[in-house]
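One structure, as structure tokens, below. Some questions next.
Chain nomenclature is as follows: A, B, C, D, E, F, G and H, assigned in order of appearance, with residue numbering initiated at 1 for each chain independently.
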């Protein structure tokens, strides 16, 4: 760890973005721990303010257990594991202090008790069926320390449901707009607010939906400005980006 | 022409759907005239209430001229030729009484002076760039005897433009909703009205629009009910269907 | 509920589109009921003449139960739930007066005993395998009060089966043409009738069918006029639109 | 040339599939002539009964001239060059005895005066716009010595035009069915005849036609049996295959 | 049944294409039998020389049983049912004299004992994994009365396996070339033979094979002439077409 | 304009986001001006802090001239017109005070002399060929009042070019990462910085690039967190979103 | 076996590429053994230095058993069977001396005890989830006699993990770069090394990954030179090619 | 330039891969020269043995001129510029010593007079139309110092043309197999040789070729082992990789 990095670290401690214990672990830790099948990057928290997130899909029980063990032993907190089944979560719970949302298929290991939540991220969904993806975004954002407001089932087919919640939308610092099928929700929201919007297409639908392609294309082609898009069903990614934007500070 | 067909024809004369002159021509005409490269179906008007429409694209000057000549010689009126260039229209104007819209690229030969226009078809467009397709639909519908209300540039990115015209939309008997890019307009209209909606995706856009694919998929996946879709840029088709629906009579 | 809406409501009572009991519930009900994961729009019946339809796929047992409960408690009748499994239907039957079609995977809650069925919607299928989608359309249309004629297995490969039923087709007020594989049925029907046709591509087929894409593209590119298309396997949507068209009244 | 090949050759002379002059050239010719940029296969006529066909697209003037020169110098007759522009044809006409169809974009060099034409290939087209592809097939088949009957503009949107020509179709030995847009023509023909059908999708159409993809998929998914398909706009290929089938002899 | 049809029928009896018993049944049978969910076309045998083939996929046990019963009661023989599972076949075997190939997933009901097999259809496969599709083609062709030669696992990656069987290929009247993955087999065969080739792409492969798309596109773009293509995995279709071509008679 | 909107407006005047003159115009202006083919939304500036942007493609000279005239007459400044040709720009320059970038194909009408530029947006490009899209983003962002740093030709094929500019990247408040071909640039940047990244795929490339599809898919599937994506070649959209994020203020 | 082939064989014996026992079997063996459903090519080892590899997917137990039996009886060693399940492997283990990797789903029959491993192939993976494909490549390459270095989880999102292993990469003779999701790994490696790189896209990912399409397109469009690509998930193919390149000898 | 890099450089001088003059320039040159719109990487030659190649498409005259000027001023030789038009080449020829191939659209600046060409790369093409891509590969490989053998028009439709050149193929150290349409050439070559094969799909073809997609998919799915693939029409890439493989040295 070079001088600039240590300085950076100390600044993060000062701003309470990182606890002194975590800082200590970081200073002592090797840059990267090599487990053979995985190389854990312990400096990511330094570089990016958030420790490594674990993409759970396609990893074996043993791989997940070992990766988490290493991170826990370095004193990391709020370790996020995405896209794991209930069964996998149950297995991991034997070994770790783990919270799991079966709906969002996301687990948090070593969750800190009382994270202060700040700012205002509104997560809007087109329908009830999109909620699992919304929750993945919501839990990610909350775990990273953001206030989240859930505004579900406000799809464009019943525009009044959306319009009667305009205030909530206009008070947001960032909006995550989640929709399947035709994916028109972000476009309509885009016309009423002036904050950044993260659009999340979902694979909800059938037929010419082609597993979310229709919603994805719709969102990429939005004629509303101020919208950017993440992968189909990528609730985690949206929550992560919203965290970064929500925590922006004023230009000095 | 069998007995039932003649009866049908006479009923159409009675209801003024067809003039006595046209009826005469129909009765005398052979069922189909074979020009070699084209077989003109003179009984279509009997079967479907509208004479054969000519798809102008990919036809040569000479083919178009001959087909129209045959129809004119049988005393047909309001012959519609779609998708022809200004240049082709100028060529045909030498020979026929022809009206042309360069924007919609549609021509009418032997237009009747004062067709009574009935009912109420509203044509709404997402943006200014979609207007050529709208006009193809509008001119088709007007030529077939329908009242048309044009409501252009009311796309979802500025939802207030649409909502301030709710009355107009709710008074329609049929709505043609035309949009490119994300194609969300029909979905939003679908939530406010209770009449049939014909959605027309346009190829307006760029990049992941893929020449209208994004709007097409969006419209097919609409979560609003009451929407059916025609081919990309098919303004003519939408005008034709709207004509049929607009002229529906009450269940006896 | 403002003055115009109440007036509208009373008109619907007068025309028997809505019962006095339902009208009462509507007047008393809040515009939208917020269950958190769902926002039920009680005024949809006012705006669109049909109460909210429930898309059953991807909703949990509990979500479905609660949504239906809310609607039943507001005295709604003929509540349609689409795309639910036999197992889900069995669960819901414990709590509600529910009719289920395992073939069409559609359920009706609080079905009114003797709905008068009017008009004439013909549902034609290309093959035997398309029948589940046809039945989804048929049950939707019947529940909404339409007469339905089923004309199954009349695909274009044996054109005589279709032609020997021309009368039935020509008497229809609306036709729903359902086909998988090459999806040519609506095109052929389009050449013989003069009423609006709703084309429904199905995912029946294999190989280069690509889950219904071949039928969808075929129908969108039909050279017959008067055809509009809904999503692959969207029997419900076709039934819903056919209802709107079938019930059109004459131009005043 | 080994013994079997010479025997084969003599048999072809006997059956008049090949003239004695051509046979002589073949016996004397090297198997393959190498021009560097092209390797002309002089034994193809022996193996396949037809000399090498030249795909004109993407070849330079000089390459075409040299390839044809070589073939002419070996005394080949009826050399077919497909997909060349009028301009290229004019250039080649300086050097060779060449017949060109601008519609079909096909040229024949060293055409024999009076080829006897046998059998019966019917070429049916959906519309007028498909005729250039039909003509590519027709000229290919005629050049190879087949009788061709042209039945154009009999698309399924006006099924009566097709049905009134049933006799012509039922007398065919092979049918080439050419159609763009929804490409349903071969399916309907497939239900009325009992001979092999070659389906040719064309790129005629717009929007969701995707340059012939809709017609191609439609034809591949036909529920009529007895249909096989060639590439989009491949009139030549269809004519070539039809030639082979038309000339089949009875099982001994 | 009109005069011409009866004449046709009698000619078929004379040529032994149809037995007197079958002819009797046909004469007595109504043109089409309507089971509600299926309309069986009893004149198909007259029009096309082969009775209706049953596409088994997506049909229920009861539908299959009833359709077959009707056909058996009309004395039809060699009734082909494609794409049915072992389980379905076992169910049907309770009621009918049924032969089943689990590999090809094809069943024959009321198989005639000693059909004379004529001509020569060669079925070549690229690999061992393509054999189920080959067998569907082979059993179809054999049931329709054709001699079939099986030449399996001769894919282009080991060109010597193919070349050492050139004689077999050159003696064929028709070749069915079946291949998955890159689907190059028909192209190579196309260069060595002079008979019609039916190419069948299979869904064998993985990754960028996209369920047979790679083989399908490869075959449609073959630079060998004389090849036409059927749907992915459509062994039945290939066998059916090969039957028609194999049985062609000499031009009179 | 209701009370809240006026308050909002006055706050924007106070924060110098809007000049007193502009505020005056807004207060006096009607909400929406209807030109028939376009409905200009004058309150967008109130709702979203930026006046309506004009998408120039597919609009006629006259439409553009009239829309701009209306906006200029309402005293709007810094009116952005995207995607117009040099020729169109020259036509418009006759009537308006217009600045044009031929590389970015973007025009600014009524540009204010000295806009204070704030914050720090870094625009990185993969290659030299991506610069036109970068410039569209850069000019948009600068016109909206942001400082922009251009870091061009730092694609991943020469990772050292990127790494030697790490400081510049780490000092950014927002990064716009623009790349064609494989589109890997945002992923690599995503691993080194902790600010939001807007990824812009470009259509630069050939073959299996499919007009930008490869870069688009690559960016949507990035395994770096913190990246969201806009449409292919949508430099304007990226600049617009970056403006919103760059101007975020601290959570109060 | 002709003279040249025998000479070739003896040279391979001399270079120890083949054992005297294997050579004996080859000399005695027929060129091709025909099992009906498979034609085993015993000369492949002569022509290509490696005996036939068995693609296990879609082959039955019995087919696999018989093919392996034939090869074992001819004294072949190190027979590779790819893509077989644990269950199949267990079945085969009853009959053969078989080693199986459940992760890579690859089996080796008649493995030679101590194959000398030469050269240096580095296999790098983007993530932990890509390891099964890496192992397929690794085991293939090792079985063919190559030294393999595994460098896993060095994806571009944490570029430092890759850069800290530059030495290992620069010492490779060939690199196999395996990545899913955005597939950017080969591009970055391509900028640091000067040896051939084989890129392997994997189907790891979700949503707009489309089963590996995103990684495949990314790799095909790499702006780094020196990269060629194999099919999605084709670890075997990559290992096989790497073997050929690794064993290249100097130009004489 | 650090110690290791200098050592590396000196080794390359020793092996004559680089001239002393070039080495001198490299040592003196800055790592990267920043032209604003381009960052030229002068150490690429050190790292990869070949100086930066210029992708000419989408670069302006001025950009190309300046980039080449900078490289020439550093004494680089054999600078390759791909994909430039004849017109651009003519412009650049005013300023530089430039050789241009209009067929391959490739230019070489500062070509060294007598580069020794080593090894043996065979470039095979399916047809005459593929030659421009072949030449791009050939000129690239020759400029980098490789012997190239051109074997054109040996596509699989006439397999004898290929087989009669087996010796040439079997003597190659690397083969570049170039083909459009069905792209089967590499598969067949793959079965006869034991050296690495680089497959290059071309966009030659029409219809379902989809601009080279058919050939690309075919090559990726080849069942021959030993084949890897580059982008559609990427002759340059193939030549570059072949250079690396051809110059491999024996394992020490």
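Just so it is clear, a residue touches a chain if its C-beta (ideal position, glycine included) is under 8 Å from a C-beta of that chain, and two chains touch if they have at least 3 such contacts.
Predicted model only: the values in this text are computed from it and were never measured.
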Lowest number of touching-chain links that must be crossed from subunit C to subunit D: 1
Minimum number of chain-to-chain touching steps separating subunit E from subunit F: 2
Remotest chain, subunit F as reference, centres from CA atoms: E
Residue-number overlap at the subunit F/subunit G interface, same or different (half cut): same
Averaged-CA centre spacing for the pair subunit C and subunit A, given as whole angstrom: 38
Averaged-CA centre spacing for the pair subunit H and subunit G, given as whole angstrom: 26
Centre-of-Cα separation between subunit H and subunit B, whole angstrom: 55
Sites on subunit C at which at least two other chains make contact: 55, 127, 158, 160, 191-192, 207-209, 213, 216, 220-221, 223, 225, 231-232
All pairs of touching chains, each written as two labels joined by a dash: A-B, A-C, A-F, A-G, B-C, B-D, B-F, C-D, C-E, D-E, D-H, E-G, E-H, F-G, F-H, G-H
Subunit C residues within the subunit D interface of the complex: 126-127, 155-160, 163, 181-184, 187-188, 190-192, 205, 207-210, 213-215, 217-225
Complex contact set, residues of subunit E against subunit G: 127-129, 131, 150, 152-154, 158, 160-161, 164, 204, 206-209
Interfacial residue positions of subunit G with respect to subunit H in the complex: 47-50, 53, 55, 118-119, 173, 191-196, 198, 216, 220-221, 223, 225-232, 236-238, 240-241, 244-251
Touching residues on subunit E, where the partner in the complex is subunit C: 31-32, 36-39, 41, 43-44, 55, 57-59, 63, 67, 83, 201, 203, 211-213, 216, 231-234
